[in-house]
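One chain, subunit A, appears in both complexes that follow, with subunit B as partner in the first and subunit C in the second.
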Partner chain A sequence: MADPPAAPPSGTPPDPQSVALRVWGDFACWTRPEMKAERVSYDVLTPSGARGVLEAIYWKPEIRWIVTRLRALKPIKFTTVRRNEVASKIPTKGKFGVGAAMKSGTGRLGLNIEDDRQQRAATLLRDVDYVIEARFEVLGGADNAQKHAAMFARRAEKGQCFHRPYLGTREFACDFEPADLADLPPVPEELRGEKDLGWMLHDLDFHNGMEPRFYRPTMTDGVIDVPYPDWLEPPPRRTPQPDVAVAAEGDAP
Partner chain B sequence: MILAALQQYYQRLENDPKSGVIPAGYSRQKIAFRVNLRPDGTLVGIEPLGEVKGKKRTPELMVVPGQTKKPGVGMNPGFLWDNGGYMLGYKPDDTNPKRTLKTFAAFGDRHVALEDELNDEGFSAVVRFLETWVPSDANRLCPELADVAHGFGVFHLVGEKQHVHERPAVKTWWESGAEDQNSGGGIAQCLVTGEVGPIARTHEPEIKGVLGAKSKGAVLVGFNLKSTESYGREQGANAPVGEAAAFQYAVALNRLLDRDGGRRVQVGDATVVFWTERPSPAENFLGLALDPPTEDDETAGQVAAALAALKSGECPPEWGDPATLFYLLGLSPNAARLSVRFWTQGTLGELVRNAHRHFADLKIIRPRNDKEPELPSLWRLQIQTARETKEISPLLSAGLLSALLNGAPYPRAFLAALVRRTRADRDVRGVRAGALKACLNREFRARRSSPLAKELPVALDPDRPEPAYHLGRLFAALEKVQSDAFPNVNATIKDRYFGAASATPASVFPRLVRMSQHHAAKLENAGHKVAHERRVQEIVGRLDGFPRHLPLPDQGLFAVGYYHQRQDLFLSKADREAAAETAVAAD
Partner chain C sequence: MHRYDFVFLFDVTDGNPNGDPDAGNLPRIDPETGAGLVTDVCLKRKIRNYVGLVHGETPPHEIYVKEKAVLNAQHERAYVACDLDPKAKKRTDGEAARLKDWMCGNFYDVRTFGAVMTTGVNCGQVRGPVQLTFARSVDPVVTLEHAVTRCAVTTEAEAEKQSGDNRTMGRKFTLPYGLYRAHGFVNPHLAEQTGFGDDDLALLWKSLEQMFEYDRSAARGQMTARRLIAFKHDSALGNAPAHKLFSRVKTPGLADSARETPPRRFEDYEPQIAVDLADLPVGVTVEELI
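Here is the complex of A and B:
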């Protein structure tokens, strides 16, 4: 178990490996695992959901994202929708599975919704706006941290992403932009005070049978401090790199 | 948090000896017979249980260890209770005696295996009995079995008050969870309590009492499809909830859904249950606020209390702390599952304030002999948007309820449906006019595109700035001229022109005004004629031409103006003064 990296003392310059991203959208569904198959969303986003957003914008095998703080900017509002979904999954194994299709180069992997319809209701969040604060840890590779930071900043600024980031489920795509922590809108009245959010998914332990890990966040004035995922192996110690000025935005790569 | 709040409710019930709640690990079953044994395990007799009414015997309800048995071909012996097949190897009209003997063997094996562990005399007596019992003797020793053996039975030692499964040693052993039928979900952290322990494979018992769901029950949490699984986890492993917690939330929810419990109301297609964090008389009030009864005599006292609370907007002192949390859960069925339509928690203080606001917004002047209740229920509001109950949009109920509870604007669809319905049946009744008024006022308060310049009052306000309101008034005034001139006309201008006048005033109002002059010419009483003309003049004077088109919220305002003016036409001088006084008092 790795000790969480100590918080930098106040007054020091901000951590060059930390980022802040604002994401917003009309709908979000952070499904509570204990409320399925009819989905019910958590009140706010989960750290793993936030990680998914960051990874959609910038990720390489050399880094990993650690969500440090989540911030809700708008009051929590729910709505209900009922949608047609499919009941089955396309198998990965077997004669008609994804594996066989990949091997042979052909195959029919479609599902016909008409034959496989399953109506499911979902209790969703409406009109959400969050700030994700996170830092990344460099696990390997030749690139130094500043380079990763600059790449993320550039991509977030330009709206680039590997796949469209989404709020919980793929159909709820979100917009994003780099967040300016010094210039956030005031906390809405509804979010003031402390709120116990109950047991919530923290993230999955992918090295241990994809075991879900839970934590019990408290939201204070819309802010949730996320503990370090203590099941992760500590990042390898790297030889200190010579200080390179952070590449200015728009510089040639 | 839903499950956690339900689980807390269970704990509340458990602490209340009067609640009669079933403890975790047990269920209430219909027991049809008992096997009476001597302490050495020899049979005394088999005794049918329950009351006999006429020819029918109603089995006795008894709390027994374990849950309702799953149907199916697998061996599933109960613990110290089961049907005749498992307990005695005997089934009336047996079609498959071989299987019945197998089930008896399975039942016997389960109990024999536990004898050492339990180490209880009563239990050992049962084991001795099971070892020596010959199934083929059943019918000979007890002819009544033919009637009762398809039901469940229990064991009993002669001379003892309690049944074998009720003996303290047996209970202690059972409650230690040493052998639980429902495990198999593995060990994980429970999402309700946070404790690490055995996880319920399926969440039992099933939830009964949601309108439209299967009568045998449905599940709130369940995975019966591949597409609902995550990371290959099946059943309960997908939604780790501890065995006890799963049982407790389900029992609590079933208790709330109980038809006679007074903790549930039907709101549209959603079955709504509500409860408070601590016992409080407010729990009764919630039901009344959500669904005020129309039959006043039965619940007169409660209604009076509810009204008083709503009138003042203050939490009555006997409810305890106004900061007490209340919970409200709306469920509707979807296949064999239940879906959460809404989930709200808030404090009692907020609730009373918001309910007060809700009913104040709906308040509108009524004709003196109006039969409609003063506090319209949500259903009565919704029926204003449709011809019959089944036409009501299912989406409205949740929106209206949440608007009631948190003071937010009513759903947009509600205003649209009200206006549409008003245009279609050209009828602006008290509840409908009140609903329109409330929609517009709430939109105005939330400062979203509302046509209002200030809030609408309960009764006519001739000095309002909005033209749409005065167009409505004008229409009412013109209609009155016509009805006074031709009391028996078949199709009034309301029947013909209400829709067009409210949506496209420029296309019909000039004609209506012209027609009205003809109508007025027919009036015989000169005084009436002057009064009518003066009224029309007064209203037209506030208008600056007729707009070609009114947007939807303005059409609502048109209807409110029409209703206000029309009520005003029927008011006597005394009524008017009384109305003015109440308006002042309300402010």
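Here is the complex of A and C:
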């Protein structure tokens, strides 16, 4: 991959389309794609996983989330869990598939888990706490960035979500609240300094056959600056509208 | 359908609630805290078994992911004719949508927990509305190892080796007592997508209440559903953060109480279990189902 462009400057002046969310949970599994049979988690969350958390809380087709910075607030700890899992997916074609049973009205459907079992170990993260910093880009629709910002803020504040966000896999549901960047706990000793995290999944390129894109982050004092996903089409230019009118719409209860 | 966040308390007496295949079937334990664990899939298995049992494996309550005992009892069956209306608002691959809807219509576990089907469109994934997390014991648990004997052997060769003594030793592991707490979520948006309705929700609550009654075995000892506290949100998006609601269910452990001996009965915990109903967020109601 070519040199990734630097993340868009955030902070000064405060970007109205940026958000910071704190998420935490007992376990997390940001599965490394190269070790997904017996899952092994990355050391920290991926931008793709962080985007999933944000989308679970608020997303519309008119926007897309761009993760700009990730912070780990707790030391990286692993544990393992081995579970009995099912080896196959539900077949839809063929004599024993769902399609045949649908057509004929009879048939044997069902997986016998004892004949179709895989015991898989998962190397999970324990006791995680992150801050996701991200911004959204408006792709279409009316120029209502403030509406999106207000709706996200409101949902994060009230604990509302479209579906329960999770840390990598659905059994590791997470809690969330708006993060106050000015008031974060001190960086734990274990996370101090620079740490090369190696190549990690950045996100999937959904316009090119779900091609995975990777990046090589360095974590400095627990903070990872995430480069802009350069494979994305730039968002369309929008005509700015007067703030007042939009603010009134966005603030409606 | 509403959003629910629920706390489920269950306990085990002299049994192994969930063996760890990595540790020779010892009860699962969080190595850092000594707390016992029961995985989400273990609980989901019991819900499936319960529903399969009480509904005799018939649509719309058939179970897709079966255990052998259940499978043997069932044969070919006629499925509910499900000529889906062409109004189904799926865009590209109508067939995939039909497959998905048909599976959701027939199988309770598919519309509750979701499933992965090989339909090719978006990996044919059904995300179910019900999500469970690992259950964790309130206090650290202690595993007891018991040697047991068997006064018969399996093979002739073994009998000869023992010159007719015919005794073998086995091991089983139990926890003398453990009170576990699991958290779960019911998501109205995904419920709409899979057709998970109010009857299904009632069945979910019922299965949590009764599933251990039909899961007796030598390994499990005595397991009992103790409390099921559901926080119901008025709005589909929810009216309060789940973690703040969960923290209203107080399950103090040994460390927080004046007890000096380890708990061995539910009664050792029961007086301290409380649901804080004061100043509930607007739009949240509490349903104490057990």
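Quick note on the criterion: the second predicted complex is superposed on the first by the 206 of 253 C-alpha atoms of A that agree within 3 Å, B and C clash if a C-alpha of one lies under 4 Å from a C-alpha of the other, contacts with A are read in each partner's own complex, and residues count from 1 in each chain.
One rule holds in what follows: a contact is a pair of C-beta atoms (placed from the backbone, for glycine too) under 8 Å apart; a residue touches a chain by one contact, two chains touch by 3 or more.
Fair warning: this is a prediction, and the values are worked out from it, not measured in the lab.
With both structures placed on the common chain, the touch criterion links A:84 to subunit C but leaves subunit B unconnected. When the two complexes are overlaid on their common chain A, residue A:118 makes contact with subunit B while staying clear of subunit C. In the superposition on chain A, A:164 makes contact with subunit C only, not with subunit B. In the overlay built on the shared chain, the residue A:96 is in contact with neither subunit B nor subunit C. Looking at the superposition, the partner that touches the larger set of subunit A residues, subunit B or subunit C, turns out to be C.
In the superposition on chain A, A:199 makes contact with subunit B only, not with subunit C.
After overlaying the two complexes on the shared chain, residue contacts for A:216 are found with subunit B alone; subunit C is out of touch.
Touch criterion met: A:109 reaches subunit C, while subunit B stays clear of it.
Look at A:34: by the touch rule set out above, it reaches subunit B but stays clear of subunit C. Residues 80, 82, 85-86, 89, 119, 121 of subunit A touch subunit B in one complex and subunit C in the other. Subunit A contributes residues 26-27, 77, 79-86, 89-93, 98-99, 101-102, 105-115, 119, 121, 126-127, 155, 158-164, 166, 170-173, 175-177 to its touches with subunit C in the complex. Contact residues on subunit A toward subunit B in their complex (touch as defined above): 32-38, 40, 43, 78, 80, 82, 85-89, 118-123, 197-199, 204, 210, 212, 214, 216. In the complex of the two chains, the subunit B residues touching subunit A come out as 1-4, 189-192, 194, 220-232, 238-241, 332, 334-335, 337-343, 395, 398, 402.
The residues of subunit C lying in touch with subunit A in their complex are 20-22, 28, 30-32, 37, 39-41, 62-68, 71, 74-79, 81-82, 98-99, 102-103, 106-107, 115-119, 124, 127, 131-134, 136, 183, 185, 187, 189-190, 235, 237-244.
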